[in-house]
Amino acid sequence: MTNTRLRTILAVLLATAMIAAVSSLIGCTTDGDGDGEKTTETIKVGVHTSLTGGLADYGFAAQEGIKLAGDDLTGFEAGDKKYEIELVIKDDKGEPAESPIVAQQLIDEGVVAVIGALTSGNTNSAQPIYAEAGIPMISGSATRADLVPRENFFRTCVGDNIQGKALADWCVELGFEKVAIMDDRGDYAVGLADVVEGHLTDAGVEVLREAGQEGDTDFSAQVAKIQAFAPDAVMFTGYHREAGLLYKQCREAGMADVQFMGGDGIKSDEIADEAGGAANVEGVLATIGGIPQDSMAGWEDFKTAYMEATDKEPGPYAETNHDALVAIVEAIKKGESADPADILKNLSDVEVNGVIGTFGFDANGEFEAMGGSAGLATIVRYKIENGAWVSAD
Amino acid sequence: MTFEHVFRLTMSGLTVGMIYALIALGYTMVYGVLEFINFAHGEIFTIGGYIAITTLVWAGVDSDTSAGVLIGYFIMAVAVSVLLTALLGWLVERIAYRPLRGASRIIPLLSAIGVSIFLQNLIILTWGPEAIVVPTAIVPSQVVVMFGVPIRVLALIIIGVSVVLMAILTYIIRSTRIGKAMRATSQDMEAAEMMGIETNRTIAFTFIIGSALAAIGGFLVAMYYGSLKFDTGFLYGLKAFTAAVLGGIGNIPGAVVGSLLLGLVENYGVGMKLGGLAWFFVAGLALGLYTQTIRVPGRRRRHIRDEIRTPAYERRIVNVYRFPIPNALKVALGPRTDALVSVSARHSLRLAAGNLFLAVMAILFFLNHDSQFATMWQHAISFSVLVLVLMFRPSGILGEHIQEKV
Amino acid sequence: MQEKTGVWATARRFFGRVPRWAYALAALALAISVPLLEQADLIQTVWLRLGIRSLVYVLLAMGLNVVMGETGLLNLGYIAFFAVGSYTTAIFSSPRLGYHVDFWILLLASTGLAMLAGLLIGLPTLRLRGDYLAIVTLGFGEITRITFNNWESVTNGPGGIPQIYRPMILGLKIDKPGEFYYLVLIFVVLVAIMLTNLKSSRVGRAWNALREDEIAAEHSGIHGTSLKLLSMVISAGIAGLAGCLFAYYQQFINPTYFEFLQSVLVVCMVVLGGMGSIPGAIAGAALLDALPEFIRQAFSRWLPDLLGEQTMDSLPVAVQNFFIEFDRYRMLIVGLVIVVMVIFRPEGILPDSLWRREVREEDPREVEKTRQKLFDFDEGHQDLEA
């Protein structure tokens, strides 16, 4: 698989080299005409992600998505220049204390823009440093509601506030009167759960908030409390492993009719195994930010390319990270300059044609639909049917 | 609060408690023999589980495997895991602890912490940072209904297996040569050595037994919950240590009692309303006041005399709260006992502080009887138990007299 | 006694002859030069940031060294005091609750609150013996972290507190990495001087006496409990100070900074450097925090530049990957370092003489003789010439 990628990269390099050679040749022969020759400039784009640590899977998917975009776009033209993209990939290990160091490394490398960080915590601890250096950052996966607005931060994923409201709306639509919400005391899960709880309480739904620790295996006390509360739905806002354990233990305790729900952290194919069999997760509902992958403008091509490069299905947030690089390139094209300050300025009014559709950024740095992609920043509903995730709309 | 709710909490508390007990026994045996906290024991437990699961996956069991063959595979997996884990426990003792025997107290503990970190990262490098999942097809999923509450058969198996293992362990320690050697070593290592006991071999045996129990615990946890993660053992280890301290470290029945109690405390603590919990404080206060106010004229006077005569550092030894279970029973039966209740001013102060704490907690809980702890405080409750026990009663419930070797 | 010969022994004699303050000055000069080198574009800015983080760890290691190295009380929840300092600063100097308190007040408040926490934790627990104390402090450390994680109305829970204001000191706004570096360095130097004086004072010697033999020390008239409490409070205060500076520098904190592994890391720094040794604590912190990055940079950048790609490629791939991905093995090696150090070199890399004697159980007179030899200029000089 590395070979394929290597070959792709080599082919791209060879092609650009040939084009450069030919163009310079043309430039020589048609000396005096003045046009046709474009100076080539190499720009570095930072990839600030977590390749080791607990969220390494997400980091890998993000990295591969960005690499695909880099291979596609390198050698683009803006104004009278041609730009080669060089990706500088750095790993912050998922530790917020490491994140500022990685940020500084990328700045030292002379990147013009950064894609990342992977998580909200690491974005929070790196953002001041990028801001100081005037470098824009676009994250494809940092969803925490209080991250926006910041002077240099944009994102191509849906924030927790939007997803939380969608989850709450879904509960109301289904007519639930009592909902148990559980989080894993982590950054992402608590942020999402807070938003859901707020909206549900406003809508007059009775809420029970419970929590387990990420990495815990035993949720028996929580399950007993949930059972005593007798809710219509049990929602877990963290990641799939603990979600699977919770759903399994709920079923085993005899909650046969309760509806399980969750955010995008639980939408993984591993949840069935982790819940002790597909029967325990049949009918689980989950929301994901963005449009359904199947109806994304460039999804099929992206999936094919991704699988060719990695032999895997595209992981979570691969496409949003891919589009972050597309957005940076659009901003350079628009301003005809690869200066960080210009990119930062132009990012707020670009129109990006990415895998997820056509979008731009609003004043806060959240992405918003443009052109034909109505409803881009909405939420998609998924459901497990016969052991597989399908769209529930 | 219905009966079912409390029964549910009780059953889950007992199941978790039994798992704690399997780990706590390892802590407590090592402590009994060496007076040393084997901090890496939690990781040994995790590795035991990982090895068993890997063996099962490697053997290729799936839903088509017939029940008899499956049981054969289970036995094989447990055997492999117990053997390898016991070997690991022995290696750790041999490499990281034995060279430090006789060093000052915190040095071996540091080494144990190092081993713990090392093993945790070894698991990450070998099996990856993600959780490994037990093939769901092989986990028995039968359920029995007791008092209207569905209980997993596996939970009953865990309780049964733990009880059998503890019976075997008690037999080994009570009635075999090596058990006698262990007891002798734990009482006085030098004297045991002089009597011809090979203390090094005895200690190694202690580590092997503890690791084997932990491996079985790891396997049971993996089967019960369906997955294991590299840091699973860290928290289980800490909780089990808490349980061992609660029961009285160095005391084998104490480890079991403490584990069950901790399992119940954890589940009742977040599962019951404060009004229900307050009664536990009331009961504790009543028992405490009763035992503290019993008059034991003769013994008491002698104690006071003893204390005046002994120098300060020895008096501290005397003051360590000492209250083994037979004495507790005697006290409960009536005032005509010879229970040892030491009476120095500092000790009385500590008892008073403890009583005051219980009373204040009971009142606070009664005042807020309708609210309850959120489950996000569950781990904090366990850690509080650890801290409070160590502060007010370091010898635990069934603790023997703590020997301060000076 | 026969003088040892050979390169190692000669080097030892030679370096042993250089007075200690010369080493301290050299280290200080090196530390001061980092931002200057960065200004001159000789090194990348990232080294400055690594330097600041290492200096914060140096403060922590020196602080833990007081209680663990000098007094012999193992504290496994040390990072909780750091957390108290960090959160005090973050809460009162960020948009979170709308406070913007002055730097100096917060510095004092962070240190003071951490000291108070040390007092409250120390009072009921210090009569416990070494290993029990370690576990109790571990319990307190975890309770503190869980509390900060769950107390959402004030600490914003796991989301953490972002956008902490930059400090204003004497009308100067500190916001460049270089300025922060010097700010932390000043405090490191102040704390180091304070602790060096304390070490050789009556209090410091009493601590060492308590570490070596508590009973004997108490019989010599040392009030064990209050002195232990003092060491706990001082070490907590240093952690609070470090926490304050760290929060200002990082501008964002959340509970994941204060996990148990961080406490272990600081413990490892002290063990590696040498218990009871201030230079040891400094060296241990700098080594453990910055060395992994050094190794990674060296193998991915400097060595290929220096030796050429070909030489590097001739190394086995596994070896190259090991060094380039050194971070993956960092904690594994931290664990290994602790075990190896306590078994083979319990006195650490820059040992404190008293502690070395204690762990090596050497005859003090022998040690004194060797010391005299090591520090005897003339004799060593002749040796070198011969």
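We call the chains A, B and C, going by the order they appear; numbering starts again at 1 in every chain.
One rule holds in what follows: a residue touches a chain if its C-beta (ideal position, glycine included) is under 8 Å from a C-beta of that chain, and two chains touch if they have at least 3 such contacts.
As the structure is a computational prediction, the values presented were derived from the model and not from experiment.
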Query - Pair of chains with maximal C-beta contact number - result: B-C
**Report entry** Most central chain, judged by mean C-alpha position against the global CA mean
**Finding:** C
**Report entry** Distance from the mean Cα position of subunit B to that of subunit A, given in whole angstrom
**Finding:** 44
Query raised in the report: Where the centres are mean C-alpha positions, what is the separation of subunit B from subunit C, in Å?
Result: 34
Report summary line: dist(centroid_CA(subunit A), centroid_CA(subunit C)) in Å evaluates to 38
Query raised in the report: Could you say which residues in subunit C touch two or more other chains, in rising order?
Result: 149-150, 328
Report summary line: Two or more other chains are touched by the subunit B residues 374, 376, 379
Query raised in the report: Of all residues in subunit A, which are in touch with two or more distinct other chains?
Result: 52, 185
Query raised in the report: How about subunit C: which of its residues touch subunit B in the complex?
Result: 68, 72, 74, 76, 124-125, 128-132, 134-136, 138-140, 142-143, 146-147, 149-150, 215, 218-219, 261, 264, 267-268, 271, 328-329, 331-332, 334-339, 342-343, 346, 358-359
Query raised in the report: Residues of subunit B touching subunit A in their complex?
Result: 1-2, 5, 8-9, 12-13, 15-16, 129-131, 133, 135-137, 139, 141, 143, 149-150, 152, 221, 225-229, 231-232, 235, 266-267, 269-271, 374-376, 378-379
Query raised in the report: Mind pulling up the subunit A residues that touch subunit C in the complex?
Result: 52, 91, 93, 95-97, 100-101, 104-105, 107-108, 120-121, 124-125, 127-129, 132, 144, 146, 185-187, 190-191, 194
Query raised in the report: Tell me, which parts of subunit A touch subunit B in their complex?
Result: 52-54, 56-57, 182, 185, 209-213, 215-218, 220-225, 227-228, 241, 244-245, 248, 252-254, 270, 273-277
Report summary line: In their shared complex, subunit A is touched by residues of subunit C numbered 44-46, 48-50, 53, 149-150, 152, 157-160, 162-163, 175, 177, 250-252, 254, 256-257, 293, 327-328
